[in-house]
């Protein structure tokens, strides 16, 4: 009995019995290739469609540029919080320049508060602190606040463009567009 | 004594054609009928017909897995009812939340939903703790422990997506902080390590308008689109995945030999 | 008298003190080796897992909350509707952990005497699900529903002011079950604390059954048979997750400053947090030169520290202290255990480096958003 079980099945198709319609080894691999390409194209395509669907072409967001009054409106060494609520920008004037600081904490995007008495921005979420210039000095924030592009419009008012930002750690605060000389 | 042969109302009901068509085993009295009652019910046959003695001890199971499932059902029902009143738009969301408490009779549906959600996080944690304390994750139940960890994560994510919907201060700032973590995701978040490597020449492929945070929020800031996306995830997307994993979780309990116990 | 107690609790609950206390006391409460076990027995710490320990623990927690309820400062935090789940969490976690350890010690004793654990029943002696289990489930469900309805009637679901993207509330807290993560964010960069560590927690938890190859203690409460695994898990769960949630809920106030539970939340409390990177320590403070322009040279020491911690330390351990263990579990398991274990340990290490040296980052490359 045991020998019966052990006998191997007859050897695979011998050339003599080969059917003309049967798929040869080569043909098999050819079809496999076509099959796999079709499979990858279908899944890959479907996946691409899904991912791309998450990113609309048009965004309905508030305008990214605004006018922030005349340079002489600002006293030196003063942080102006007027534009914080509407545009998420602090207008800061130090001794020699005016710049537009982003109100987005570089840690996790909360909005810090300007504490005039302590002369610093303090984030309520995780306690990051920034100096008036935007340089981070305490708490977990990894880098300084970003500055926005600032220029003088034709009517003499300051024009802040939030679509372009300048990062200190990349040396971009040297860029002439990141501040206004006064 | 004279009533000895008189059958009670319940007994007669149990022998009626209607009852027998629904529950074929009749009133579960004999051992066989009781086992049939479990095996013949689509809901109850989640359980085996007989289980080890320690499995019915509250001291062993704390009932926490069952309560988590029960809370999931409660949250599905209450959530469904809340959807009748709630509109996921920046304009209406907050006022709809107030309305459903004040303009709807017995308006504790939101309380049931919110506290139920908190309770579910807790019951899931306690269930996990019990399974660890009794060493029930050990073979052959390794896979089901993994499914359970995923279910726990999904429970917390469900709770998190629900947080945004009232559109109050707590909501948007919790979501702001939460999604800004996605911004720091390596490679696919625009402020994550490695993102700047994915660039062709000067053009960054991963920026604020194309990273994983954008996909979550539907924009660069928390706004109208984010509310809608979190609403859909909260009501359909995540519960759907959770239900599939729950089915696997329950099925595997049976397949892995029922409740764990000493050999 | 009460005021003194409050002051003492305020001081003790500072993260530096309470975290240190918990970490040092932990191996004596959940003894992982014979030596700790000896002290655990000698000083009667084991009594925590007996009935008097239960009453003591419940009394301590209740005392804390009752005193807090009548304290004008703590009352505000304690009675916030959203904090009620945390009170539930503290009680339920204490009760369940105590119960598990109580049962475990009873079982340990039985096993030592050659008996079967308490949960053991004759495999042939089974009970019917109908009615024994179905009724228990039904009763549990009804009781829980009653609890939930009463809770919902008594406590209104919180609703804050309408969303205002310009004003962040101070303090601004994540949902309570994420406060452990939020606390980690204080010490680590977002990509570590927000992405890598959560991933490691999920994957590491899923990997527990594959890393813990100890076959004993399956299906019943026990401690001694699996004390090392138990110790590691409980440290992560109790101290690094639940305790950080408690800190985040009760002890973190405006500007994410630390406040004792009975302390007034003064938004103008000034706490100096001048943090310094490792590279600044080395180049500026020690060598007295400026930071090198080349980023990789600047952060070279940081990379060395990282490689030594995650790469060389496990190899050294495998050859010395953990030699037998390494041979028992093999290189693949060992690698993963070290990866998850050392990452977990990195959290308290980083916390202490922040507290002791104001160390901000070991590797600080904000240019690439790569900070560790």
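Before moving on, here are some points about what is shown:
Order of writing sets the labels: A, B and C. Residues in every chain begin at 1.
Going forward, contacts are C-beta pairs under 8 Å (C-beta built on N, C-alpha and C of every residue); 3 or more make two chains touch, one makes a residue touch a chain.
These figures come from a predicted structure and were not determined experimentally.
In terms of inter-chain touching, the protein chains here all touch one another pairwise. Here B-C and A-B were compared by C-beta pairs in contact; the pair with more is B-C.
Note: centroid distance chain A to chain B, computed from Cα atoms, is 32 Å.
Between the Cα centres of chain B and chain C there is a gap of 24 Å.
Counting partner chains per residue, chain C has residues 165, 167-169, 172, 182, 189-190, 194, 369 touching two or more of them.
The residues of chain A that reach two or more other chains are 107-108, 110, 125, listed in rising order. Each of residues 173, 177, 180-181, 183, 221 in chain B touches at least two other chains. Chain C contributes residues 82, 84-85, 88-89, 92-93, 96-97, 99-100, 103-104, 116-117, 119-121, 123, 125-134, 136-137, 140-141, 144-145, 148-149, 151-153, 155-165, 167-169, 172-178, 182, 189-191, 193-196, 202, 205-206, 208-210, 212, 214-222, 226, 233, 237, 368-370 to its touches with chain B in the complex.
By the touch rule above, chain A contacts chain B in their complex via residues 51, 54-56, 59-61, 107-110, 125.
Residues 84-86, 88, 103, 107-108, 110-113, 115, 117-118, 122-127, 129, 137-140, 142-143, 169-170 of chain A are the ones touching chain C in the complex. Residues 173, 176-177, 180-181, 183, 209-210, 214-215, 218-221, 223-225 of chain B are the ones that touch chain A when the two sit in their complex. Contact residues on chain B toward chain C in their complex (touch as defined above): 28, 31, 34-35, 37-38, 44, 47-60, 62-63, 66-67, 70-71, 74, 90, 94, 97-98, 101, 108, 110-116, 118-119, 121-122, 125-126, 129-130, 132-139, 141-142, 145-146, 149-150, 153, 156, 159-160, 163, 166-174, 177-178, 180-186, 189, 191-196, 221-222, 260-263.
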